[in-house]
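Following this message is one structure expressed as structure tokens.
In order of appearance the chains are A, B, C, D, E, F, G and H, and numbering begins at 1 in each one.
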Amino acid sequence: MSNKVFARPRALTDVATHYCPGCQHGIVHRLVAEVIDELDIQRKTIGVVPVGCSVLADQYFNVDCQQAAHGRAPAVATGIKRVHPDKVVFTYQGDGDIAAIGTAEIVHAAARGEKITTIFVNNAIYGMTGGQMAPTTLANQITATTPKGRQEDSAGSPIQLSEMLATLRGAKYIERVSVNSPAQMAKAKAAIKKAFETQLSGAGFAMVEVLATCPTNWGKTPVEATRWLNENMLPQFPLGVYKNANEV
Amino acid sequence: MSNKVFARPRALTDVATHYCPGCQHGIVHRLVAEVIDELDIQRKTIGVVPVGCSVLADQYFNVDCQQAAHGRAPAVATGIKRVHPDKVVFTYQGDGDIAAIGTAEIVHAAARGEKITTIFVNNAIYGMTGGQMAPTTLANQITATTPKGRQEDSAGSPIQLSEMLATLRGAKYIERVSVNSPAQMAKAKAAIKKAFETQLSGAGFAMVEVLATCPTNWGKTPVEATRWLNENMLPQFPLGVYKNANEV
Amino acid sequence: MPKPIFNQERCKGCELCFSACPKKIIAPADHFNQKGYRPAVCTDESQCIGCALCARACPDVVIEIYA
Amino acid sequence: MPKPIFNQERCKGCELCFSACPKKIIAPADHFNQKGYRPAVCTDESQCIGCALCARACPDVVIEIYA
Amino acid sequence: MLEKVLMKGNEAIGEAAIAAGCRYYFGYPITPQSELIEYMAKRLPEVGGMFLQAESEVAAINMVYGAAGAGARVMTSSSSPGVSLKQEGISYIAAGELPCVIVNIMRGGPGLGGIQPGQADYFQATKGGGHGDYHCIVIAPNSVQEMADLTALAFNLADRYRNPVMILGDGALGQMMEPVNFDSCKAMLTDKPWATTGMGTRDKPNSINTLQLQPEKLEEVNVHLQAKYALLQTQETRSEAIWTDDAELLVVAYGISSRIALSAVKRARDQGMKVGLFRPITLWPFPKSELADAVKMASAVLVVELSSGQMIEDVNLAIRCSKQVYFQGRTGGMMMKSSDIYDQILQIIAPQGGN
Amino acid sequence: MLEKVLMKGNEAIGEAAIAAGCRYYFGYPITPQSELIEYMAKRLPEVGGMFLQAESEVAAINMVYGAAGAGARVMTSSSSPGVSLKQEGISYIAAGELPCVIVNIMRGGPGLGGIQPGQADYFQATKGGGHGDYHCIVIAPNSVQEMADLTALAFNLADRYRNPVMILGDGALGQMMEPVNFDSCKAMLTDKPWATTGMGTRDKPNSINTLQLQPEKLEEVNVHLQAKYALLQTQETRSEAIWTDDAELLVVAYGISSRIALSAVKRARDQGMKVGLFRPITLWPFPKSELADAVKMASAVLVVELSSGQMIEDVNLAIRCSKQVYFQGRTGGMMMKSSDIYDQILQIIAPQGGN
Amino acid sequence: MKHEVIIAGFGGQGVMVMGQLLAYAGMAEGKHVSWMPSYGPEMRGGTANCAVIISDEPVGDPLVSEPTAAIMMNSPSLDKFWRGIKTGGDLILNGSLIEKEVGRNDIHRYRVPINQIAVGLGSEKMINMVALGALLAAVNIVSPERLLSCFAKKFAAKPAILASNTAAFQQGYDCVAKRTL
Amino acid sequence: MKHEVIIAGFGGQGVMVMGQLLAYAGMAEGKHVSWMPSYGPEMRGGTANCAVIISDEPVGDPLVSEPTAAIMMNSPSLDKFWRGIKTGGDLILNGSLIEKEVGRNDIHRYRVPINQIAVGLGSEKMINMVALGALLAAVNIVSPERLLSCFAKKFAAKPAILASNTAAFQQGYDCVAKRTL
């Protein structure tokens, strides 16, 4: 047959994911895999997957992987990277994982300038456990644990993790992206690539925060969900580079 | 006898502290107590003391107190404040307590806009356990666990907690002060007062970071220690107001 | 001639590729796949320009594009 | 006449009050207290201006100032 | 009598807690107990209570410590991995003698494990997964109605003894619906003069501090706690004994396993076999003397657990290893069938029978 | 033979770990084990190893998980409250069958407690303070020399069985100095083809994941673990028996208590009393059959622990409750004196004796 | 008498609510009842099922491994459960989505075009009631009236849907009762 | 033979090092030894002590509740330990800081002006060696030569201090040996 101009990246296994229809975890997976392919680091990459909907991502990424306890992926990645400083270690985490239970671990990985790359998928909700409030849930957003919408006075305000981590000296590259359109995906992929390059150059910690949909727990069709993200998440979570302290 | 123009505040018990000679924990205690006196809130204040050198501060503050597990003072204070929203709840924490093991708890107390007041005593070291590295230990500072000085590349860079928490919407008042001279003490006291007033007004979370000496674990005389603080800590931890989101 | 190939059993019918296609030549099939979704199909391959926007939009890497 | 009163048994001899005093009238005593420190004492009360800077400098609230 | 409603076990715990005067809840989502946190999120504000989703299980248990110390009736809940994270906090709460209720809706372990029902946290709950000599009162319901009744009991015991109480359920009990009413769920409130409420008119501050640098003093604390535990052992054991009087084989099981076991025991009785069921309701204090009584006529014991064998140790200790003790366990979220238990009963009672 | 040096127990663990090939350490300071973390901070860089002070005990144990999964010989250490925080992580490590060494230098509890020696984390260590059915191998040295020897053993066992090993010491053993050498501390290295090192030339990725959503599969994992534990029970128990052959009274104690007990037992022997000492060295697997053997001639047993009574349950189970078992315990950081034990030996052996 | 029912299908087919309705009705008839769902993330998109027990005696084991009756709304569910059904038991098959045959002659099999019937009545949402009607025609677990009154009670807030759902129930019922299969 | 020694004083007085030197010397003489410190934050400013056992047999209990010999460097330490000393035991008292009498005639008491001697020799830092000299004159735990050679070894990096510390040791020794108390 003729040439493939778009094909499954090698760093993805040929396994059907368990994600819901339209879930953008799948897109983020593919972008990470494409970057791994392009940087030709598949055989020296070790992934750390979280507790969250992407808990089975070790079956999808075609690289060595460890699954970490809820929130502890940065600590697990630190353990791996310290043993194999010449390998490429990345974590893949949801908003509950990274910005609730795992707050201390990500702050300190960043503060240490740990030479790892973090892919943070912010869908403003706890996907896996069925749609409870996340630290990034928007004000007044209805979730299973904020049935009348998140009341900021009692349940708090969304954490802007990229902005927060950017205050740390060890954080060398931080960008927030979205994957709601092919154009945004291209930007997202470029950001992910920079984040891996930051690690490869030995500069320090890098994170890409990817805004993503959770159609199931938002109670929306995948297409509606992308619209909701644009209209509601973008104002609270402005896209952009929050830290770029290296010459990558 | 004639009038007392300077006397022990009522909100301090008449108990000798266990602190080392010249330890500034004592000064911070007195300033907090003076503010409690001035605001006349002694009978409705509940303190939460940490694990750290100030673990016995419940014996020194003449108010109801709970001692919290290492790092968890903000969570304990949250529990208390939610039960008694009309009372005044403050935490008193060291740098290890608040910025290492307790990172998640302080970030989320701030993000929630928890109506508590946090007094954070930053002495750049683990005092109680005998002088190990703290998250605020300076680059190249020698400690029991950084015998050749803190190597930023491996042991990380100091966390500037005030700057970091200021990124959170729920944080309403954040200031960094020092108590190295009577003039600085006056400023520190004013900051502490503002932090309590922020709580009294119901605005949200407030924190005062107090730079302080640990002569014992710095291996210096108290007088030398004050000098070391000025020369070394101030450049890394600039004094000032990092958040003032209320009209107190 | 460019051509999109759909791995139908992988399709979850999310419809994200429909709107991504500039030629609007993707639509649900009449039949269900094993998972119970109506898989996406190309209604008119001759119009395909091989831009791969559908493939990029697909979270499940259902689509490969041949040039 | 202003006067600093030292609660000598509480003093830890840290010397922070020495330099705080504008009149430099605070110095270590000759004797030890129970804790084994040489407590701070005022060497010349007549010079005291009651500024309370010594008291503020003391981490152990050893000093009270009477006016 | 209030009409019975059909409810999930998880929700029944929530409603019973509210009936028992609980107005504060701090928790973190985890399957298979999330219905409880979600129920509290909805219901507590309706009754003037306060719900807070904590940033983690560690934060939640420490919020409970604070709220309990401040005098509230307060609850948290989680499932196995989340409960492991609470162990330091539970040790503090026990040391501080703070009353609260902690729910563990167990799932298969170890590690991340699975989300199907399990009973493999028995040791953690009863022996103390945290450090030091302490005990939670541990209560194991076996129906949705008991989820309600024993939750109310839990709050009352917690206050009476100033001790944390753990409700040890499992994914099946949490998820299943059964008819339930809340008639017997009453709040028996006690004074808490020790609570940190702000001094108010008191002349001395209250303080809650589990540190005792003087070992002599810390030993006194321990002696005091042990005396309380001894009292609990004599006063607060609870159990159910079915057909134990003449039982030659005694089946011992708790929680969901006890229901499955009961079906098998019934069937065996129907077949004329002298089989009984002993069900510990309090797992700590373990109903030692009740079990020792129940086992008197038996020549063998069969312990049934959704674990590799944990309660079996307490069974052996309670009966002083005086009988042959058999075990049937499933793990990883698998459940035994009552027919499996029946088969083992047959084998034990009539081991000679071949075909 | 290398010359003996005078060292603290905490430091001896560190040096032995290095001799046994440990090159990675993640920990968090806590009294009374801080000398160990400080020792590693100083020594590891000297031998080309890597030391990292983690932000918490939770982070430390998860760094250990990562490093162990990546194939390293790795250690962490803490004391009681800090070890409670590690329980979730330990359950994950056991579930993932990752080899590592975890040190608990126990202090008085519960809660923040105190910093003086204790042995009240026995249950936590041996029964699993975390969730699910798992076990650490638990080793209890009783001298600085054993702190060294058994640390090396711990690393070798961990790798051989792909299992976490816990060294259970206490503040006294950690702080005291005794002469020690490291002659017998050898690294027996094993291949780790399962480790996540990056695929390199492998054709399939390695993955470490303790999740099994299918209960059937998770049960298989549990069955596999239990088979390993059964093997450990037959192969790896260790104990010391002193004058047990003809002992009418058997004293059972481990760790620091066993030394104090030995002084008392010696004194009683000098007085012609038939008293022996049994010392479990592995607390899990517990040396059941060895103890059952040792107790044969005895009519009574005296268990001595720095707790309110924890190992005593395993003693009773091992001897099938066949003897009268007495207990002597101190808590909160207090230590019994050998004369107290001697007095109780006297009382048990000659209860008739008046004054 | 003890009925042990398994209802299984896709996540969105409302099998959980079906089971709950059955349990409510049993409870209203003074029976002992339990309802036990499958749960967890694998439900999403995948299959969901629940086990309902309605019995004269207190319910012991809430799990059902050998159902006396079953509703299978789709193929994967059928694959999972068909072997376990008790001899003499009743099986309602959703003929609209299931093509294969069930190779057991020792059970009563009813192939009901559930989706078609519901769509015919105006909305696929009513597949539940069609299925329950069919079930209660095949085996007398609770009375049809009781089930309908429980439906009315449960959806008291939406009286509009009662009539159409009653019709759906009736058509499912008739389909089996009158052997209009 | 079994010596059980307690050495106690202020945190800064070097009592820990004193005990370690003694233990080193015992070890060098082929004895079984253990050294056990008091530890914890209460040490700061407060009192510190260590227990040293030097014995012909393996050391059982490393704690010492009834010392055969003791060095008490200050009053609070004396208050804590004087009652426990074994009958016939030896007690070195730092006369420079302790004024009170010890009401026991069943032990040997040696009041040595430790600080004065050290200051007289040029530095208060040498109080350790004065005290150890006094102790070894009172009771033959290890030979003075062995102790001094252990000191030399331990402080091999600072040969300058050996002579003055040897002198301090000797003065402490003489003070007891020659009863120049």
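Please note the rule applied: a residue touches a chain if its C-beta (ideal position, glycine included) is under 8 Å from a C-beta of that chain, and two chains touch if they have at least 3 such contacts.
Quick caveat, the model's predicted, so the values are computed rather than measured.
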Subject >> Shared chain contacts [chain A and chain D, defined touch] >> reply: B
Subject >> Pair exhibiting more inter-chain C-beta contacts, B-E or F-H >> reply: B-E
**OP:** Report, in whole Å, the distance between the mean C-alpha point of chain A and the mean C-alpha point of chain B.
**Re:** 34
Original post:
Cα centroid separation between chain A and chain G, in whole Å?
Top reply: 42
**OP:** Return the distance between the CA-based centres of chain B and chain D, expressed in whole Å.
**Re:** 26
**OP:** Mark out which residues of chain F touch at least two other chains, giving numbers and ranges.
**Re:** 31, 50, 52, 55-56, 58, 81, 88, 92, 112, 115-116, 209-211, 213
**OP:** Check each residue of chain C and list the ones that touch at least two other chains.
**Re:** 12
**OP:** Give me the residues of chain G that touch two or more other chains.
**Re:** 40-42, 45
Subject >> chain F - residues contacting chain B, complex >> reply: 28-31, 34, 37-38, 41-42, 45, 50-53, 55-58, 81, 112
Subject >> Residue ranges of chain B touching chain D (in the complex, touch as defined) >> reply: 1-8, 12, 16-17, 19-27, 30, 182, 185, 215, 221-223, 226
Original post:
Along chain H, where are the residues that touch chain F in the complex?
Top reply: 20, 23-24, 27, 33-37, 39-41, 59-63, 65
Original post:
Which residues, counting only chain A, touch chain E once they are in their complex?
Top reply: 51, 55, 67, 69-71, 96, 100-101, 103, 126, 128-130, 132-133, 135, 144-148, 154-155
Original post:
For the complex, which residues does chain D have touching chain B?
Top reply: 2-3, 9-10, 12-16, 19-20, 37, 50, 52-53, 55-61, 63-67
